[in-house]
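Shared between the two complexes below is chain A, which has chain B as its partner in the first and chain C in the second.
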Partner chain A sequence: MTFQRFLLRRALMVIPLMIGVVFITFMLVRIGGLDPVGRLAGPTATQAEFDSIRNNLGLDQPLWKQFSIYLGNVVRGDLGESWLSNRSVLTDIKERAVISLELLFWGVGIGALVGVPVGLRAAFRPNGRFDQFTRVLSLFGFSIPTYWLALVMIFVFFYLLGWSPPAIGRMSLLVTPPDMITGSYLIDGVLTARWDAARSAASQLILPVICLAIVSAAPIIKQTRAIAIEVLSSDTVRYAHACGLPERNVRKLVLRNSAVPILTYIGTEVTGLVGTMSLIEYVFAWGGLGQYGLNAIISGDFTAVQGYVLVLAVFSVLVFIVIDFVVYLIEPRSELS
Partner chain B sequence: MTLLKVEDLHTHFISRDLDNQICIAKALNGVSFSLEAGRVLGIVGETGAGKSLTAQSIVGLLRPPAKIVAGSVRFEGRELTDMPDAELNRIRGNNIAMVVQNPRTSLDPLTRVGDQLVRLHQIHSGGPKTASHKRALEMMEAVGLPDPESRAKSWPHELSGGMAQRVLLAMALMNSPKLLIADEPTTGLDVTVQAQILDLLRSLVARFDMATLIITHDLGVVAHFCNDIAVMFGGSIVETGSVRDVFAAPAHPYTRNLIAATPERFQMGRAKALGGQPPDLYNLPSGCVLQSRCAYATELCQTTVRNAEVAEGHFALCHYAGRLEEQPAVKINA
Partner chain C sequence: MSDATQTELANANPLPVRARVWNRFAGIFWLSPTGAIGLFIILFFALLAIFSAWLIPHDPIAAYTDKVLHPPSAEFWFGTDGNGMDVFSRVIYGAKFGFGIAIPAVILSLVIGIPVGLIAGYRGGLLDEVLMRFVDGLRVFPSIILALAVVAATGQSLLNVILVLGFLDSPVFARVVRAEVLGLRSSNFVESAVAAGNPTWRILFVHLLPNAIQGAMAQTAVRAAWAVRISATLAFLGVGIQAPTPEWGAMIRQGAEYMVSGQWWVALYPGLALILLVFGLNLFGDGLQDLMDPRRRSAK
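Right, the complex of A and B next:
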C-alpha cells in the first residue's frame, strides 16, 4: 500500500472519531456546571443583561441546534471566538501549540533518550545491581507529583543555587524576543542569529524540560525493560542462542525486535501527557496550550475548551500516524495497516 | 572416538521460596548416554521427563534458575559444561545444530529467510557472501523448499508451519554439523506434514551423515527412525539400548508400559496403560523414581538403583531389570 493511500484511509477512519470527540466535549462542557454567562455579566448585572448575553452566545437555543451550528463551523475550520477575550480560538491555539510542542519535544525526547538505554540495560541483567538501582529511581519518578517536582526544582535551582533564571515564562524580560518565524523563541533566535534571545530561551527551557523528562522517563524505563525482557525470553532469542549467534548479534536482534513496541509505547505516552503538560506549564508560566486549556476550563470558556480538546484529539491521531509510518520504515515486513 | 558422551549429568532448578529458603528441583538426575558418529538416538518419555532439558544442558542453553550441578558433556573429546559462552557459540549452530519445536516463532521475524541462512553461514564459516548465498539456496533445495530463489525473499510470517520447519532444517544444515539435535521437530504440525518432515529428516541424516539426537513423544518415530533409544522418566534415563533390543525385550517396567500404551503395531506386552503423576522434582523419593507408579515396586526399590546391563549395550535402571517375571511377591502398589 502506498503512503498516500494509507494516509487517505487513516483520514477516513478518523472523521467519525473526530465528530465523536466534538460531540462529547460539546456536551460535557455544557452539562459540566460551568457558567460563562454569570462571569461575563458580572455581579451587578440585571436579568435583562443576562438574557441578552445568553442570547448573543446562542445559549438560549436548543442543544442540538447549538451543536449543529458549532459542528458546521468546525468543519469549515472555524473554532469560534473565545467568549472571554473575543479572540479567535484557532489563532490562540496555533500560537500556543508551537510553544507546547517545543517543550514536549525536548522533554519527552530527553526522557526517551535516557529512558530507553537505561531500560534496556536493566533488562539485560534483570535483578542485577543496575536494575535494582533504576527500579528505585523510576519508582521515585512515578510517585512524585509533577507540580511538586516543578516547584522544588525552581526552589533549588533558582532560589537556592541561582543557577537558573526565574520561572517567568519562555524568555527573560530583559531580552527582546526574536522575529517570529516558527513561534519557538529558541529556533527563531537561531534562525535570525539573535544569539542573546536563543540563549535566554534555552536557559528558560532547561528546568521545565528536565521536569518533563523526569516524569516521562520513569514509565519509559519500566516499559522498555518489560518489553526487552519479553523479547529476551522469546523463541527467537532462544533459537538465536541455539544457533551460536555471538552476544553482540543477539543484542542487536533484541534491540530490533523491541524497537517497535517501545516506540508505540512512547507514542501512547506522549498523547497521555496532557495533564502533566498543563501542570508544568502552569508552574513555569509557560503560556502554552496546556496552560491555555487549563485556564479555559477554569473560567468556563466553552469555545476555547472545545477547541483545546479537539486539537488534542487531532494531535493524538497525528502522533499515531507518524508512529505507524516510522514502524513501517523500521519493520519493512509490516504492511501499513 | 565417541562423538558425544554425556556422563552422570545432574541439572537442578535452584530458587528461593517466599521464606527465602533454597528450593531445589532435581530435574536431571544422572543422565548418561553416548552417541557415535552417524548414529541416530531417540529420546522418548512423557512430558516433564527432562528431554528438552537434557538437550539444553548439552549445548549450554540453560537459563537461570536451571544449572548443571554435576556431570560432564564431551563433544569430540572437548568438555562443554564449563566452556565459556563465546567458545560454545562457535560450536552451536556450527558443529552442533538444533531444530526446535516452534519454527515460526523461532525465526527472526524481521529478517528475510534467505538472509538468516546467509547470516548463520557467515558467522560460523565466513568466506565470501556469494558463497554463503549459494549454499543457502542449495540447502533450501535440499530440504525440499520449492523455488528457493523466491522463498529466500520471504518473511518468516509468510511461511506455513511445515515450510518454516524446512527452513529450520536448512538452517541446521548450513554449516555441515556433525551432530543434529531435533527437539520434537514435528509437534504442532499437521499429521501429513509431520510424516513429510520426518521422511525428509531421515533422508537428510543419511545424506549428510550427521549423528542425530531426536527427542519425541512418539515411539513410532523411534521405531522407524532411530538406531538407539533412550527412555526417560523423572530426569533419569531408565532404559537404553538399540531400538531392536529394547522393543523386543523391554527390561524396565516404565518402558513396558510405554510400549503397551502405543498403537498395536508396537504393542509387545500386555502391561497396564500409562498413568499416574510425574514425580515431584522438589521432593524425589529415595531409590527408584518410579516406585509410586510401578506395579513391581517392593521395599528394595527404596534403595539406590544401579544401571543393570541386561544384554550387551542394553541397560535398564531397575532393581529387577532382566528378571521382572520372577520378581518376588511383596509388591507395594499391587
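Right, the complex of A and C next:
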C-alpha cells in the first residue's frame, strides 16, 4: 500500500471515532451537574439575566440542535469561544500546544533513552541482580504520584539547595522572552541568539523534564524487558546461538528484532503520559495545553473542555499514525494497515 | 488399574489440610518474595485503617489554631498543617480512604466487566464489535483526564468517585475475560454443556466463568493500586474529595503551597504513605500475575 492510500484509509477510519468523541464530551458536559451560567451570572443575577446568558450561549436550544451547530462549527475549524475568558479556544490551544509538546518531547525522549537500555540489560540476565533491582525500581516508579514527586523536587532543588529557579513557568520573570518563531522559548532563544533567554528556558525545563522522564521510564523499562525476553527465546536467536555467533552480534540481533514492539509500546504510552504531563504542568505553573485542559475541566468551561478533548484525540491518532509509519520504515515487510 | 495403585493414589495426599494451606502460603513467599513483601505492606495499611481510631493521638480534623504549621515534634510526630491539624493522625486516618475507595471500585469493575466480557466473548458478532470499539475509543484518553472530566461533570462526592473509577476501569476486566472466553468457546466442555441443553446464562456463569476468571483476578491488585492513585490525584486537583477531609491527595494539595516556603512535612508524609500503599499493591499484583500466568513465570 502506498503512503498516500495509507493516510487516506487512516483518516477515514478516524472520522467516526472523532464524531463519537465530540458527541460523548458534548453530552457529558451538558447532562452533568455543572452549570456555567450560574458562575457567569454571579450571585446577584436576576432570572432575566440568567435567561439572556443562556440564550447567548445557545444553551436554551434543544440538545440535538446544539450538537449539530457545534459539529458544523468544528468541521469548519471553529472550536468556539471560551465562556469564561471569551477567547477563541482554537487560538488558546494552538498557542499552548507547542509548549506542551516541548515538555513531552524531552520527558519521553529522556525516559526512553534511559528506559530502553536498562530494560535490555535486565533482559539479558533475567533474575540477575540488575534485573531484580530495576524491577523493584520500575514498580516504584509506577507508584510515585507525579505531582508529589514534582513538589518534592521543587522543595529539594529550589528551597533547600537553591540550584533551580522558582517553579513559576517557562522563563524567569527578569528575562524578556525571545521573538516567537516556534513557540518554544528554548529553540527560539537559540535561533535568535538570545542566549540569556535560552539559558533561562533550559533551567526552567530541567525539573519538569526529569519528573516526566522518571515517570515515563518506569513502564518503558518493564515493557522493554518483557519484549526482549520474548525475542531472546525466539527461534531466530536460538539459531544465531547455535551458529556460534559471538554474543555481541546476538545482542544486536535482539535489539533489531525488539525495535518494532518497543517503539509501538512507547507510542501507546505517549497518550497516557499526556495526563501525567498535565499534572506536572499544573504544579510547575507551566501554562501549556495540559494545564489549560485541567483548568477547563475543573472550572466547567464547556467549549474549552470540548476543544481540548478533541485535540487530545487527534493527537493520539496522529501519534499512532506516525508510529505506524516509522515501523513501516524500519520493517518494510510489515504492511501499513 | 490394580487395587494396589488405587490405594496408593488415595493415600497420595498425606498432609492434613492445615499443613497444605500453610505450604501453599509459604509457596507464595518462595515463588514471589517481592509479592509477599507487597502483601505485608497491604496488611500493614489494612491494620492502620481498621485500628486507626486507637492509633491516632489526635482527632484528624481537630484544628489546634495556636499550633499552625509546627514542625515534627514529640507532640505532633509529623508536624501540623496550615489549619493546625495533626498530620500524623491524618495520615493514619487516610488509609481508610485508600481502601474505602479502592475495594468497592474494583468490585464494581469486576461486577460490570466480567459479565460484559463473558457475553462479548461468547456471543461475538455486532455486540462484541461495538463494545470493543467503545473500549478502544476510551483508550485514546489518558485515564486521569477521563476520570477527572467524568467526576467533574457528574458530581463531586466520594460515592461518585467510586462509581466513576469502577465504571471506567471495567473494560480492563471485560477485555481479559473476553480473551479467555474466545479461547474456550469451542472447547469440548462448552460444547457438551450446550448439547446437554444448558441455557446460555448457565453456560456463561457456571461453565465458562470459573475457567475464564483467573486472568481477571490476577489483575485486581494492580487495578486497586490504580484506583488508589487516581482517587488521590483527583483529590489533589480539588475534585471529588474536599480539603479538610484527611485523604492523602487532598492533604498533598493543602501542603503544596508550603513546599516553597520550607514546611515540607505537610505534603511529604501523606505522599510517602500513598507511595507505600500503591507500591505494596503493585508488588503484590505483580507477584499475583506471575503466579497465575505460567507463561510469565517461565519467562522470568
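Quick note on the criterion: the second predicted complex is superposed on the first by the 337 of 337 C-alpha atoms of A that agree within 3 Å, B and C clash if a C-alpha of one lies under 4 Å from a C-alpha of the other, contacts with A are read in each partner's own complex, and residues count from 1 in each chain.
The rule is simple: a contact is a pair of C-beta atoms (placed from the backbone, for glycine too) under 8 Å apart; a residue touches a chain by one contact, two chains touch by 3 or more.
All values derive from a computational prediction rather than experimental measurement.
Legend: residue contacts after superposition of the two complexes on their common chain; A:S234 is shown touching chain B, with no touch to chain C.
More chain A residues lie in contact with C than with the other chain of the pair chain B and chain C.
With both structures placed on the common chain, the touch criterion links A:L17 to chain C but leaves chain B unconnected.
In the superposed model, A:P117 makes contact with neither chain B nor chain C. Judged by the touch definition given at the top, the superposed model places A:G128 against neither chain B nor chain C.
Of the two partner chains, chain B is the only one that A:L253 touches; chain C does not reach it.
By the touch criterion stated above, A:E331 is placed in contact with chain B alone, chain C being left untouched. In the superposition on chain A, A:G72 makes contact with neither chain B nor chain C.
Within chain A, the residues touching chain B in one complex and chain C in the other are 233. Looking at the complex, you find that chain A touches chain C at residues 17, 20-21, 25, 28-29, 31-34, 126-127, 135-136, 139-140, 142-145, 147-148, 151-152, 154-155, 158-159, 166-167, 226, 229-230, 233, 271-276, 278-279, 282-283, 293-294, 297-298, 300, 305, 309, 312-313, 316-317.
Contact residues on chain A toward chain B in their complex (touch as defined above): 233-236, 238-247, 249, 253, 256-257, 331, 333. Interface residues of chain C facing chain A in the complex, by the touch rule stated above, are 34, 137, 139-145, 148-150, 152-155, 225, 229, 232-233, 236-239, 249, 252, 255-256, 259-262, 264, 267-268, 271, 274-275, 278-279, 282-283, 286, 299-300. Chain B contributes residues 59, 61, 63, 85-86, 88-94, 97-98, 100, 102, 105-110, 119-120, 123-124, 155, 157, 171 to its touches with chain A in the complex.
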